[in-house]
Structure formats: structure tokens, C-alpha cells
Amino acid sequence: MKPDLNINKIIRTALQEDIGQGDITTQAVVPDTSMASGRFIAKENGVICGIGIAGQVFRLLDPSIEFTPHIEDGQKACAGDVIASVSGPAAGILSGERVALNFLQRLSGIASRTATMVSMTQGTKAVIADTRKTTPGLRILEKYAVRTGGGKNHRFNLAGGILIKDNHIRAAGGIGRAVEATRKNAPPGFKIEVEVENLNQLDEALVAGADIVMLDNMDIETIKEAVKRAGGRALLEASGKIDEKRIKEVATTGVDIISAGALTHSVISVDISLRLD
Amino acid sequence: MKPDLNINKIIRTALQEDIGQGDITTQAVVPDTSMASGRFIAKENGVICGIGIAGQVFRLLDPSIEFTPHIEDGQKACAGDVIASVSGPAAGILSGERVALNFLQRLSGIASRTATMVSMTQGTKAVIADTRKTTPGLRILEKYAVRTGGGKNHRFNLAGGILIKDNHIRAAGGIGRAVEATRKNAPPGFKIEVEVENLNQLDEALVAGADIVMLDNMDIETIKEAVKRAGGRALLEASGKIDEKRIKEVATTGVDIISAGALTHSVISVDISLRLD
Amino acid sequence: MKPDLNINKIIRTALQEDIGQGDITTQAVVPDTSMASGRFIAKENGVICGIGIAGQVFRLLDPSIEFTPHIEDGQKACAGDVIASVSGPAAGILSGERVALNFLQRLSGIASRTATMVSMTQGTKAVIADTRKTTPGLRILEKYAVRTGGGKNHRFNLAGGILIKDNHIRAAGGIGRAVEATRKNAPPGFKIEVEVENLNQLDEALVAGADIVMLDNMDIETIKEAVKRAGGRALLEASGKIDEKRIKEVATTGVDIISAGALTHSVISVDISLRLD
Amino acid sequence: MKPDLNINKIIRTALQEDIGQGDITTQAVVPDTSMASGRFIAKENGVICGIGIAGQVFRLLDPSIEFTPHIEDGQKACAGDVIASVSGPAAGILSGERVALNFLQRLSGIASRTATMVSMTQGTKAVIADTRKTTPGLRILEKYAVRTGGGKNHRFNLAGGILIKDNHIRAAGGIGRAVEATRKNAPPGFKIEVEVENLNQLDEALVAGADIVMLDNMDIETIKEAVKRAGGRALLEASGKIDEKRIKEVATTGVDIISAGALTHSVISVDISLRLD
Amino acid sequence: MKPDLNINKIIRTALQEDIGQGDITTQAVVPDTSMASGRFIAKENGVICGIGIAGQVFRLLDPSIEFTPHIEDGQKACAGDVIASVSGPAAGILSGERVALNFLQRLSGIASRTATMVSMTQGTKAVIADTRKTTPGLRILEKYAVRTGGGKNHRFNLAGGILIKDNHIRAAGGIGRAVEATRKNAPPGFKIEVEVENLNQLDEALVAGADIVMLDNMDIETIKEAVKRAGGRALLEASGKIDEKRIKEVATTGVDIISAGALTHSVISVDISLRLD
Amino acid sequence: MKPDLNINKIIRTALQEDIGQGDITTQAVVPDTSMASGRFIAKENGVICGIGIAGQVFRLLDPSIEFTPHIEDGQKACAGDVIASVSGPAAGILSGERVALNFLQRLSGIASRTATMVSMTQGTKAVIADTRKTTPGLRILEKYAVRTGGGKNHRFNLAGGILIKDNHIRAAGGIGRAVEATRKNAPPGFKIEVEVENLNQLDEALVAGADIVMLDNMDIETIKEAVKRAGGRALLEASGKIDEKRIKEVATTGVDIISAGALTHSVISVDISLRLD
């Protein structure tokens, strides 16, 4: 992922947050002319994500710092692997270290969990998708990490897709009317997705011509029945309480998409550290 | 926590991220005049944090939305408890729901984990502290969540405290010189903290007059020995691989502070949902 | 349209642009205590758009100014109609007048031209859509003006829809491959639109399963043939050199969507003025 | 025009508006390593303006894109002329194309219309000036386009010049008092301009010592009489309903300045396209 | 001075600068429910400026704080006078105190020095004007303070007035040519000011038709001679090394304007304190 | 001082403030191709500070301008010394001159006054420290200037140190309780400083275990007595009405720190000018 204007803004905010008015310890102890080099090392196995971001952290901090990736985003690292190296003015490296690691560890955590879930659905047609349950301010990066782990992105935000939920249905007076209103009023380039809670609603959504139907919090048997009833007339998306225990079974029901909030709302960081030489 | 300029900026960024150019589904389906009300309900036990933030999300989105907290930040909620209620224009409530929940679930996750760790150190003098391993852009909120859970805040950022680490020591040519340089060059209002990796370094730090010594990644026996050697000459902080399995044992060694990166870098959200009436 | 965070930012930028360090004439001549009132009057016929924006201009400038709309966005005004009234401190009204009018005149110009084109396609199934040929920085308002005039919004930006163009086709090695790559890599919530330049390409796009096909710069006969060939398998969008001379004929070919860049790139303002009492 | 801090901010806003979270079509279809080149071609005659802006769009997006102007701002292009060429990573070129064209077409539209009006006043002493009827957020560029077309800039904003209008006159209790208040209270570096609606007011303004008098919406005979009465005591500016039909006649009356809102509020874009090789 | 968008931005920057992530002392010691009230008291004589700014500091920090001015900007306060009172939540008052005072003391310092210089020129026609030698970021406030003290504002910035200096003259090849270029190329609403270093240059500037001539660093005799030579053909401005020792003599030479950089570049704050009850 | 994200933002704000929409004089008179060079010359003796800032002003304005420092921040310049030279496009140099000088003169003024005070305390153990009485928006630079002049920085802002003042003491119900509350609630990395007004309070603060005690506005005799009583149990800081007349006497009392608001709130600029060749 090439750092663009959005990404640079996020990184600058993070740097200002962590450096504040200046790194007082380093300023007091480390001479301006002191140079350093070091290596980013994975301390446990994981799918790495955020190498480009980490590099950009140092570049925005001090363009004279050189950052060299040793692997690419999406590759697996084993404990002990060197994933990147950095060299240049010691003060800049020390000041940027924590921000670079905070991005790298969190994004790698997301990519790793996604990759795990994706591998558990091998042999089915189900793709793994994220949700809007992301960390405020970091969605663009977290959705990138999901892609890096092999997942797909659900709509980016409320402007980036149509999803008719319970409350929209009630406001419109039924699934049919809600779909109709959307077709009439919303931009034509979006598929129409409807969230349903039972098989009757599924039938209504199919009749209304929904392009995608989200099966919310259904048990395995019901999902299976839903797949049968839909018969390919709409894409089916399973959602709700998706985790490593349940995902394989959900995937084998024949749904097209499985969306999992946990990919981004409950992230265990991959442990990575910067070892200076 | 009263939402101030910093907090409002974070919330505005989150709202723009999630709403983008507008909620196309709601615009297409829900009339502008439609009103709604609902309740935020805990779906599992936890220490709640972020009620004020959630309320501010709606206020910034539409000042005519009313948000009423039912419990205060820091209180425990059980599954099923109503933690707040909201009422007003349906469109605004639907558009703000996800952002409010994203803050509330994450901050409650941090407060809950902190509270658990704090309770495990009851009867010892150890306080639980956070680190700089926070989510980029959210540190001010995440450190607030740690306080809400009963923890203490370590330095906010590189400008907010002195911590002499390995690399500073090498750059200065020893612990004694590094402490001396800090005392000479850094502002006088900060305590001087030194990170040490073994008992020899601890001795050096004590001789140098460090105010706080961070014992990095030491085993229980070494920590015990460190407490003995220090004899109250400096505050001692245990750090590295602190989790629920190990924290009690660490606390009983007699250290003053236990800092745990996992409080913020690996957060399991508390499940909370908005149920519209 | 309720002014939200995006809109407020645009208005604040416009106010700072026009007021700079302060209205030196008004400061020199008009006492702070001077009050005024006035009416916004249409000086020619048109569909009015931007009343809410104009009101927000004054509210952001001075909350004590009262602004009362007399008609709603989307209604037609005739020359001489009062469309809104304003009263309060004279200095604020004088300072905000030009900014309010600049928004109101331009947005009404867009809404009016859209309404004209929409009325010319009455009795056909074609909807009128905008493009990305908008004024930099004002897209959210200009697309709103198109909706106000009865048009539909094409994708908001490059992240808000899939449109496979000539260069994408060449990069992918054919329409089939480009559609396939999109289906595999892009988020599932978007329809896939392909821009074609001739009927052979149309056939390819239909075979590839495109949801929407944009017919770029085709003559009327070719468009008619395209409608016949497509036979409802995809939505068809006519694009290129759409203006009032040609639109009716294009609409009667049976296409589903007609997109017109001129709606926003070549706008004749509706003449509106503020008459102080 | 060298892109400065103001211009870069406008361009960044435009890029973020058009690219959003990323160009999903290009990301799905075009490999990161794909290179491209192309030429910007005028599809109709016009005075080109915005070449430097278009180049900066690409530079800010991706510094590795090379942009080469073939003509300079202010030169005339004929249909078919190549006005610039661009080469580099295909993804960046495709993502920046629309923003570059939106600036280029609009600014060239303004420069072209200005040049037309200027040429119609050849042989008179009248200069053509713009107004504050510009597109919100783009004034600095639109006024530059007017200069590029051979026009002059009226005051940039309310802080950039003194213009005593009807309402100021009433608030002050007459033209004489308004001019006097301005001379007393406003900074000394500005000329004092007064807007008048009839010849009596002109006389008052001349007596009061106005440096410039704006003749608002007067017919040709009245303007001629005004020129005679003023006899060089003040600069005279004709304003109101200035278009190509009327401008020559107005210029021949002997006024010094003709200001035309239509230069910026009603712009027909010059058609320019990017043809990739 | 009514706080507008520009002013609010300056105040918000100042509050964020001084409060950072929060007032840790007050948070630790003062209960949220604690209320306080206090009075701003002049501790020495001076012309007060910034009362409205100080009030806005508290309003932006916490709208529930009440701030009541006791005197108006521009009035003289004697040591001991109460200039404003404040009441509300103690935490907010303590957190805003320093920022409010920093504005108030500095602006009052500027207004007081201006008032002193103005009073020293009583009986002459000379007005006192400021320069661009202001504190970066605070110009709009500092120029307001000069007006509050009875001075006039020279051009706000490089876009707000024409001043032909030595280097412009050399680039143009003489004063005559520089004035001519300006008349031809610059907007017509500005007076043309020329800076001259001797009487020969003054003659050239007068011949060229300069509206204002700045006499740079001339001694009293030369200024007198300049006034005689100009004979009212242009306004004359004396500039350079203007302070309280010299200003009276300069004023009595008959110049129209005296500009003094020291008004803003070398400010002695007026001592003001907040006494809590 | 290396210009970082914070500094660049301050410089950009200053440039936009001073240049506005563009330097109209230079644009009218100086050809774009005109080159220039010049030297920054001290016109009086002083400690120079801000050379790096001045260079960055030009770099941000036009990267093709070359700026060469002749001395380093912290060195003394005598009247007539060349402190830096600059060369490149004349337009950029003329446009950046005033902003560069405004920073340079003010920061050198602060550094010079600090150096004077520091030299007056030679032979004592007292260090000179700044306060929060800085110019709004420039604190990071002004505190840097104090360091450049040989002073120390007191806390950066309310989040950067603990200082228990009168009002905190009253809110807590005594010095002991306030210190206790701070120890319990505030982050552990800060020393606890208490401001006292008399010797009784000093005793209380010492008993409470304060790390630093600020002696507010005490006369020399009382300060001497305080030093005796404290006997090294806490650092002592003298504050209030510190100026060149009194500082030596205060320093010889044996206090550790002397803090002087005047260092930043009442600054006499060092006169520096740019002489073009």
C-alpha cells in the first residue's frame, strides 16, 4: 500500500501524539550527530502487514533515515525473522520506533487473524469480509490489513454501500418497500443488501430483488436452509458471532460471504520489536 | 471525562470516516421527520468506559438528539444492563450508532481488562500502569480508559517523561553518564527513570540516583532480589510480558509499578449494542 | 440537506476566503449596533437549491442572525419571488451576503439545468445522472443540487463505484479479464460497470456479466442497437456530449441512465439578490 | 502561477474528494508496476489556464509522475493541440486524471471568456475586472484565470479593498459621511470606491473625494454622461449585466474599468481530454 | 472585537498548546464539581485590550463558565482596577487562566504603547501606524490592539497593499518604471506607496505619481524638507527607529503617517492577574 | 533545532498570514526569472536564535532558495556580523524576508535576555527557567530560545508537570492533602512541585514530601531563610518579579531554580536585517 494523503495524515497525527513537543530523553542524552541502525524482528509467527506504513513513519520524521523492507505485506514471518531494517540518525530512529511498531503490530495482528479465518474456509466458496467495527480513525488501514490477510472489504462506510437493516425496514413499512425506496432514491451503482433475521424475511428480500442478503445471527441449520431457498438468486452473507470455533461450519453451508467484526474489534497484536545494532 | 478540543477532534474524524458523504441507505429509506429512541445494552459483563464520548458522538452529529447515561464511566455493567438511552431524529441515531459503539466497546474493553488486573494485585502495593503501546490517534482516550479501570498512566509520550533505555545508555557511555546528562539537560520537573536488564544495571542506576528503575523482562526471582537490593532508594517498575497469568506473582514481589502493554495493544471489545424501540 | 461536518467545513472555508481579516468597509462605516433585515429575491425563474446552505452561512458567521426560508430546495421560483428573509446585526448580514449568494446561485443553476433535462426525458425510463466533472471542493454540494433537480448521482468518487474504462481494459488484456479481476478483487457491494465504445465491446461486456454498460459517445442509431442487443441483461448508460439539444432523442432509445457532465462543469448561475429593507 | 501553500491545500482537498479511500477499479485491475503515458489535448479552441495546477495535481499524488507542459498559461490552443504530456505509474495517472482536468477545463473556461471580453474592448481605455462572484473555495485560482485571460482583479475579498455600497451609505447617513468615516477609520493604503446608482450620487461621491466610482447598472447614455461629469476626477467603473452583447458599447463610453461577474459565476468549460498512448 | 473564525482558531491553538492532554494537577486535586469565581485585576496602569478574547478563551473551553467584562477594550485601567470577572467550574477556570492572561497582557501591552505614542503626537496631523513586524500567527490580534490604542493599520500583509521598496526599484530599473509596472499590473483598488531613502528619490516618486511616499530612516531636517517638497502631492510616511524619544519631533515635521515596528516587535506586557475569591 | 511537524505548521501559518493571496507588489514589478542574493546582518549585539527556522521559512516557500547559516544558534553576534546568507529566485526571497526576520528577531531577543540573566548568576548553583507566560502559538519556539540562551525549561504545559498552587491547596483542604491527592491520582513520573507564599507553607510542603517548592514573590531575606529551612530536602525555585536588577541577589541566596516570566512575555527584539546584494 502506497502511503497517500489519507495515510500520511494518519501517520502525522500518530507522530505528533507520540512525540509531542519533543523526545526529552533522547534530546538530553543522544548527540544530534549520533547514527544508529537496527532490525525489525518478528517475535512470534504471523502475517506481516504495515511494512510500508512503518517505512513512511521514519521518512516523514526524517527523510535521511533509510528503511529497507525484507519481506512484503502479506507474507508470513516466523519468530526470529528480520522483517525490515533501518539506519540513520539515532535520534530519529529512537523517536519513531514506537509509532512504527504500534502500526506494524496491530495491522499484522489483523492480517494474521484474517489469514487464519481464510485458511479455515479453504475448499468452500465463502469469502471472509470485514465490518465497520474498526478502530476510530484507522479504518482505511485496518481494511487494508484485512485485504492483506486474504479477506474482502465490506462497504467502507455509510456512503460506500447500501445495507437495509431492521430499522430501515420498519421505517419503510416492510422489506419490499424499503428495497423499492432504495432502488428509486439511491445511486444506481450499488448492489442492494438486506439484513434479515429469519427465513420469512429472506423470502421477502428475494422477492423484492435484493442483490445480497445478510443472514444475521442464524444457526447453522437455518443458514443451510437459507442457502437452499435462495438458490443463487442473491448472494448470501452470514454475519454475527463469527470466530475461529464456528467459521468452518458456517463456510460449509454454502454462503458466499462471511463477515466478522472480530477481525478488527478484538485484535491481538503480533509481537515485533526493533533491535538496534 | 469531559469532551474537550482534543476529544472533539477525534470524534469528528471518526464521524467523517464512518459517514463519508452521507448515509445513502438511511437517506433513501428513512424520512427526515422520522423519530426514534433506543437503549445501549451491555451484552456481556464489563467495566463501562466511554459513555460521555458516545453521548458527544450524537451531540456533534445532531444537537437535537438526546442522550442519557444510565451508569457512569468506571461502573460495572452485567449482561442485559441498560447503560444509556438515546432519542431524537432517526436518521441521526442510525448514522451515529456505529461510531458510538466502536468507541464504547473498545474503551470498555480496556477498562475491563485493567480492572481485572488491578483486582488481581489487591493487597499488594503495586499499581497497574499503561504504556505507549496504544492505538495510533486514540492514546488520550485509551489512557483515560486505563484510569477508568483503576490503573495509572505512564508517561503520555516522549515529551511527557524521562525514560532512559538501552540505546540511550549506550549512546551516553553508561548508566551513570546517561543519568547525569539527563539531570543536566532535561527539564527539572520530571523524575528520572532508567530501564535495566539485570541486577548489575540496577545497582548502577541506584548509584546514579535514578528516581524510578524499570525492571525489564525479569523473572520473578530476579525481581524479588531487585526489590531487596533497591531497599526503597527508588521506585521499581516491572515490565514485559505482563498478563493475567503472571501479574499476581509479579505484584507480590513488592514492586511499586507494573506496566502492561497488553492493556491497550491487545484489546477484546466488550459487546454492547443499541436496541431501537 | 442538513448542514453536516463536511458542509460546515466548506462554508467556513468560503467565509474565510471572502472575509479575510475582516470587512474593512463595514467596520469603518457601520456601527456594531446597527441592525438590518432583507429578502433574498429570485431575479429570474429557476429551481432553487441551497437555501439551507445560505442559512448556515449566516448562522456560522453570527448565531444571532435569523434566516427564514420561504420556499424549500427543489421548488421553482419565478422572477420576483422572495425565497428567504434574513434579519439581525447589519455587519454580519453585509459580510455574509456574497458567500450565501455564491452558493445559492450556483447550486440553483445546477438544479435548474438538471430539472430541465429531467423534464425533457419525461415518458421514458431514462434517469439523468451526474458525473465526476464537478468543481473541485464542492462535489458534495453539486451532487446534492443534481438530486434536488430530480437527477441521480453517479458514483461519488473513485472509491464509490466501479467503472472499468478503456485503460483498465487494456491493462487487464480485455473486457472479460477486467471484469473477472474486479469481481475477484473489489468489494462485493458494488455493481460492475464497463465503459464501451462500440457494439463488439458491448457484447463482450454482456458476456462477462457486467451489471451496467456505459455507451460512450455513440450516435443514436448505435445506442438503439445496443438497447436491442442488451435485452435487459445489463443496465445501459448513455454518456458523452449530452445537452438539451440531444437529450430527448437519447432518452427515447430506451437506455436506463443518461449521464451529463455539463450539469456541473458548465453552469449558468440563477440570478438571485439580497435586497435590504 | 507557482503552486504555493494556498494552492497545494486546494489541490489536496480536490484529490481527497475525488479519490476518497482509493480508486477501487484501478486497484482491482491495474498492476502496481504498470506504466503509462498520455497527452492532454484541447478538443476546442480556447485560452489555456491551469497547466501548472494540473502538473501539481500529479506531483502531489505521486512525485514519480512526470508532467511536461507544451504551452504556457495564457496561450491560445486550437482544437487538437497537445497542451501537456504526462508519464509514469499508470495507477497514479488514472487516479489524478479527473482532478487535473476539472481544474484545467474550468480555469481555461474563465481565461477564454475573459480574453474574449478583453479583445472586444480593444482600442478603448477600459480594463476588464472580475468580482467576488466566484466559486466558493476557488477564488485564488479563478482570479488568476482572469489575469491569465488579460483581465484585472478587483478586490480579493472584503479585507482587500474599500467599496462603499448602498447599505453603507444609508448606515452612515449619506455618501459624504460614509467616505469621511472610511477615510478616518480604514487603513490608509486603499483607494476609496463608492457604488452609485444615479448621477446625483455620482456628484456626491466626486465632491466627497472618492477615488473610484462604480456606476451600478446604468444604461449607456447615463454612463456617457457620468464620464463627462467626472472629468477625470475619479476612476469610473461600469458594473452590472456585463456580457458579450453589451461590453463593447460600454467600453466606448470612456469608463476606466468594466467589472463582470459572469467571468466567474457562469463558466463554460473548455473541453480538454487526456489521451493515453 | 467579535471573535470570528480566524480568532477562534488562534484561541483553540493556544488552548491546545497550554492544556495538552489535560491539566494533570487540577485533575488530581480539584473535584469536577468544584466551583470558583475570580476577578481579573490590573496590577499596573495601561490601556486594556483583549477582554473579548479572554472571554472567548473560557467560552471555548467550557460554555458553562461565565465571563463578565467590567471595562471595554480601549479604556484605561489603573493598578488595582477590576477589568473582568469570571465564575463557573473551578477546573475550567484554572485551566484557561494562563491562556487568557497571555492574550490579555500582550495585547494590552501593545495598545498601551500605541496610546502613548498617539498621545505624544497630539496636535499634529500625524497618525501612528503599525508594520508587518508582528508575532507570527498573531497579526490579526496585534493589529487590532494597535487600533484599540488609537493607531492605524498599515497593510495587513503582502497581498493587502502595494509598497515598492528598494529591491523592487532595482528590479524594475528605477522608481518611475516600478510605479508604472504597478499601475499596469496590480489591482486598481490600492494606493501606490514608494519607499525612498533620499530627497532625489522622493522627487522621482512624486513625478511618477506615487500616492504615498515612505521616508525611510531620514533625519528630522530631511523629513522637514521632504514635507516642503511634496507640498501635498502625496501622503508622506515617516518610518525607521521610531520610539518615544523621537516620535514627537517626527510628528511636528508635518508628515501624515508615522509607522513604528516597535509597537508590535518589542512589547512590554501589562501586568494583569486573576485573583480567585 | 531541526524543524519538525510542529515547527513546520507554525511556519506555514506565518507564511500564509504574511503572504495571503500573494505578494502583489513583487508580482507586479519583479519578473519571475529574476534572481537575488543577500545576507542577514545583525544590527546590534545579541545571542542569535532561529537560524534553522529562518532557513526553513525559505525552504517551505521555495525549495530552490539556498540558505546558508554563518553561525549557529546560541552563538553571539556583534553588530555588523553576517549571520546567514540566502540566494535564489528574487520573488521568493522578497516574500519570505519579513517572516524569517520576525522569527529570528524575536527568538534572538529571548535567547539574548536569557543569556544575560544566566551570566548574572554565574558562580551560583541557580539555573534560569522559563514559565508558561509565552506568546500564544509560539511556545515550542520560545522555550527553545530559552534553552538556546542557556536557560532551562519549566513544564511545557498543564499536562507536562505538576504544580500545586494556591487554588489547588484550598480545593484540597491544605498542602498535605493536595500533595497526597497528587501522589495518588497523578502519573508517577512527575516530581511534585508546590507553590508557597510563606515559610509556614514551606514547612508544610516539606513535611508533605514535595520534590520542588516554588517560593512565590518572596523577598531576599525570606528566600535565604527558606533555603536554610529546606536544607536540601527539596529543590527550591524562586519566582515572581525576576529581572536583571534583582536576579543576582536572588541567585546568591542558594535557590536551585529561578523562573522568570519576563524572558518570554516582555521581549525586546534583536535588530537584524536582510541586505540584498
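Letters A, B, C, D, E and F mark the chains as written, and numbering starts fresh at 1 in each.
Everything below uses one rule, namely that contacts are C-beta pairs under 8 Å (C-beta built on N, C-alpha and C of every residue); 3 or more make two chains touch, one makes a residue touch a chain.
No experiment lies behind these values; they were computed from the predicted model shown.
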item	value
Touching subunit A and also subunit D, the following chains	C, F
Subunit F and subunit E - chains in contact with each	B, D
Required minimum of steps from subunit B to subunit D, each step between chains that touch	2
Chain copies touching (subunit D, subunit F) - same or different residues, decided at half shared	different
Whole-Å gap between the CA centroids of subunit A and subunit E	52
Rounded Å distance, subunit D centre to subunit E centre (Cα mean)	33
Intercentroid distance (Cα basis), subunit D paired with subunit C, Å	22
Sequence positions of subunit F contacting 2 or more other chains	19-22, 140, 156, 159-162, 187, 190
Contact graph of the chains (line, ring, star, complete, other)	other
Pairs of chains found to touch, sorted by chain label	A-B, A-C, A-D, A-F, B-C, B-E, B-F, C-D, C-E, D-E, D-F, E-F
Residues of subunit C touching subunit A in the complex	127, 129, 152-156, 159-162, 187-191, 193, 212, 235, 256-257
Residue numbers on subunit D that touch subunit F, as the complex places them	2, 4-6, 140, 143, 156, 160
Residue numbers on subunit C that touch subunit E, as the complex places them	12, 15-16, 19-22, 32, 60-62
Residue ranges of subunit F in contact with subunit E within the complex	10-11, 13-14, 17-31, 34, 36, 90, 94-95, 98-99, 101-103, 105-106, 109, 132-140, 156-168, 171-172, 178, 181-182, 184-187, 190, 265-269, 276
